[in-house]
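Letters A, B, C and D mark the chains as written, and numbering starts fresh at 1 in each.
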Amino acid sequence: MNYSAILEQIQTDVAPLLGQGKVATYIPALACADPHDFAMSLQLVSGESYHIGLHNKTFSIQSISKIFMYEMALNLFEESILGRVNVEPSGNPFNSLIQLEYENGIPRNPFINPGAIVIADMLTSYFKEKSLRSIIDFVQICANDASVSMDESIAESEHSNGYRNYALANLMKSFGNIKNDVESVLNTYFNCCSIAANTAQLARSILHLAHQGTDPLTSLKHLSPEHTKRINALMLTCGHYDASGEFAYRIGLPGKSGVGGGIVTTVPSIMSIAVYSPALNKHGNSLAGTKALELFSKYTGHSIF
Amino acid sequence: MNYSAILEQIQTDVAPLLGQGKVATYIPALACADPHDFAMSLQLVSGESYHIGLHNKTFSIQSISKIFMYEMALNLFEESILGRVNVEPSGNPFNSLIQLEYENGIPRNPFINPGAIVIADMLTSYFKEKSLRSIIDFVQICANDASVSMDESIAESEHSNGYRNYALANLMKSFGNIKNDVESVLNTYFNCCSIAANTAQLARSILHLAHQGTDPLTSLKHLSPEHTKRINALMLTCGHYDASGEFAYRIGLPGKSGVGGGIVTTVPSIMSIAVYSPALNKHGNSLAGTKALELFSKYTGHSIF
Amino acid sequence: MNYSAILEQIQTDVAPLLGQGKVATYIPALACADPHDFAMSLQLVSGESYHIGLHNKTFSIQSISKIFMYEMALNLFEESILGRVNVEPSGNPFNSLIQLEYENGIPRNPFINPGAIVIADMLTSYFKEKSLRSIIDFVQICANDASVSMDESIAESEHSNGYRNYALANLMKSFGNIKNDVESVLNTYFNCCSIAANTAQLARSILHLAHQGTDPLTSLKHLSPEHTKRINALMLTCGHYDASGEFAYRIGLPGKSGVGGGIVTTVPSIMSIAVYSPALNKHGNSLAGTKALELFSKYTGHSIF
Amino acid sequence: MNYSAILEQIQTDVAPLLGQGKVATYIPALACADPHDFAMSLQLVSGESYHIGLHNKTFSIQSISKIFMYEMALNLFEESILGRVNVEPSGNPFNSLIQLEYENGIPRNPFINPGAIVIADMLTSYFKEKSLRSIIDFVQICANDASVSMDESIAESEHSNGYRNYALANLMKSFGNIKNDVESVLNTYFNCCSIAANTAQLARSILHLAHQGTDPLTSLKHLSPEHTKRINALMLTCGHYDASGEFAYRIGLPGKSGVGGGIVTTVPSIMSIAVYSPALNKHGNSLAGTKALELFSKYTGHSIF
């Protein structure tokens, strides 16, 4: 397939959408993103890669980091995670406290904020003061690129504007589902959200999820095939907050979005994809990025269904 | 792959589970099902089929009929359905009224009761008094078997115990999302739920969903490839009520369950599957049937992820 | 106290508000009310009465009828009502289904629609086909006026637009909290809502609630002192849907409103009051009527606190 | 009326209930209360007082302190409070976050935790570092007793177990409804909850609420008559969390309970009452205390209705 031509067509098609939607404004460091930015990278399991737009520009990966955190938790704790975080779509926005109160502090899934905070708590219990370092290490190894790192100004902003996340963490702690102190757990969580990468790095970093958990280029096994399947299933059912169903319906590929404007997607056995455009639709997912993936699925016929 | 041996292994494995769980008791006709019954049928796109257990025993397909109703609506109304029924997981039980009140009478998806009732209303507007006949015709054609039909005693029971469904339909009508009179719409809905089939017929009837919408054996095109992808996506995200996420996570195949104890699943490009065991788990899905499909996915490695 | 002068002052004060707010439009018979209408009647336990505005104009008392229904139920069933209808404020609109689903079909109180529908069911079990006649008789005796009756055009309108109430009744029936058939129960309920009276009749009809349950003019005992206290308590905590707290806070008198634009209030030991103005505020209570009662409380100092 | 005899009768009547229910266990300092303790004090506006049981034993007044905080806020900010805290019953437990999320961080009323936290924030904005001192001063003046003070061990316990309150405060801050830093606001809030008093002091401290806001014995005016009426109205509609309606229904007097086992009540124009028994019913209100007040209302006929 002529992926270069397809990417060019997509860039042309989404051009009129750039600038529609709204960039996230809850922290200053995100608010200053340029809503006209666009980038898309394809990383094939064969090693080839294709890029278009600003694929060298780094941005805040935000919730996309929830994938890596859950991978690490699966490796360490396996099925025992399920007692503390479910794997069901929530049907609610990413930061809702409502279900948490009805359901005794057990988050619906690890891809909404409360779920990722519990995962951060589990990693904190295990790695202690080395939690953050361990997570960054894992992301760098997955990306095969030691330059991927945190953006400290973002982390600080998250921290000083993170009242909703403090509310979530304290509510779960009142139910006994946070074991460490709230400050440490959120420190890890906020820093993970502030990891910065460009689309090329990001597509590369999840390539193993399109290849049964093993990086086809380095042969490093990051995850078992069974767990890889589960991560992909979670991305499909829960990867886009309360628009997950629509993403599955229109695009039919496992994916995960972040409010920084990034989305990653896998085409199992074939490739991983990262797209970036910071202006968001009403569900908090990249507006042009979502459209680009819909067009990609349409032009290539790639879909898991 | 030796599917016969795999089915035998599964039958052995699930034997201890038969009788666990509870058969649906809300209508007498379902309550008298034998909780020890078990059947499983594989229908390959190549034409081969494999069966184990009571695959000639008919049972009430219940919510599995929601697939066929939505297929017909997609054929007739295409994207315009989305204004009246969404495609998001609900995170609530199949018959909940809560989201409906918060969300102005628009059901979350067509695979929970209120969604299917709206679809029944759309079909009633189109087919009028021939609605039921048209739906049965479509199921028979899909199954390539004119003997598939309704169980009138079930339909009558549904009707006289359907207070929750009357509540749902009236609530949606108060929001203007039911156009016909409630009695006619529910008559269609209840009768569709009462369609009876055995696992062999049921697997056969959804074979086209594993083959881009076209029956590979009769070459009849029941659905476009694009719509087929969407039905499969919906089954994955919404096919098992508030346990849809777990089904995707553990099994990784699009499926749809009914409270009669049936579950259908597709393995895109390869086969369709139907399983039956009437004792249900706490989410209202067949307990042994769900386990059988999990084992099937494990033994064969079949998964969309 | 010069009640005539106070009424005149109130009429002057509320004049600019008449026409603000919106008349109920869900049934045609209510929608044609003149939003500029205003009437207020004071009925003292001493026998004197004071009126201003259109106090001879009859209007649909709507939810005010819930008082009489609950009085009859208290007389017949006493504390045993509490197993089927609670006495707590709901914090939700009058026709919400949400709490009902969370709380197993037990309504929060008898002054919201589902609560009154359960009371109608209890009266139907007792009076059978004479239910409606018995309720009308009770209202006429309380009003000491045999001319108070139903407005059949309203009753019919309620019936043919009552989808939300059908939803409530069917939902409660699915929980077993409606014993008779939904149609009979709602027939009684809708007809009670359609009782028509003017403010003079209405104030007279609840005079006993300001006098320990006994009409001070006819000496007829309609209710025990203990039950009278409970009705007044319910009016204070639950009489104005989700604006009950504000009515208590600003006015400090037990009251009950109806979407027809009427409000009744008691000043225990002193008088009963009825006010009418059909344009409603956002909570569904008479806008000018609520203001008139606030001014009355302010000018007279009458308050239970 | 022979109040001494009535108190003796009540003590006899509630004796079998002592030890039923459960003392609050969320902080160690409350958990060690003796569930058999009982005390009741009547403080008449005439100056007489009557006591029975352990009326010299101090206990943690907990949520009863919300009355004093709201009085101070009414004096300082009057109607402008209403933009930040409503006056509606919540229909939910005292520490629920659910309505807060649906209703943009505006608490339903000042007598549930989030409402009192907003009031603490308003007082903090005004009094700054003198907030706590100012509140204690006000309580001491109301009680006419400089010995009323905080129990620091309780305050510390509240603080180190107050995750739910941290969640509430942070959630409201995310909506902009907390202006000061969460730590300062909760410090004031937790310390207010830890005020300790015996029933004699407590009854004395709210005597002005039974006398139009002015202490009849010292002639000090603590509150305007209009605001006094509003406090009483709030106690009636919102004073007992999600059992407020039942308290009004059975007892018919304005009251406020605390999880320490205290309840205060006013009989407007006549007296104030405090009762203490630390074992709580399922709604978090003193079990024997509630019963004692129900008997008091029955034996004396005192009720506002």
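Operating definition for what follows: contacts are C-beta pairs under 8 Å (C-beta built on N, C-alpha and C of every residue); 3 or more make two chains touch, one makes a residue touch a chain.
From a predicted model like this one, the values you see are computed outputs, not experimental measurements.
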Listed by label, which chains are in contact with chain B and with chain C? none
Between chain A and chain D, what is the separation of their C-alpha centroids in Å? 47
Go ahead and note the Å separation of the Cα centroids belonging to chain B and chain D. 55
Interchain centroid distance [CA atoms averaged], chain A/chain B, Å: 32
Touching two or more other chains, which residues of chain B qualify? none
So the touching chain pairs work out to A-B, A-D, B-C, C-D
Listed in rising order, the residues of chain D that touch chain C in the complex are 86-92, 99, 108-109, 228-230, 232-234, 236-238, 242-246, 248-250, 252, 254, 268, 303-305
Touching chain C in the complex: which residues of chain B? 96-98, 101-102, 163-164, 166-168, 170-171, 173-174, 182
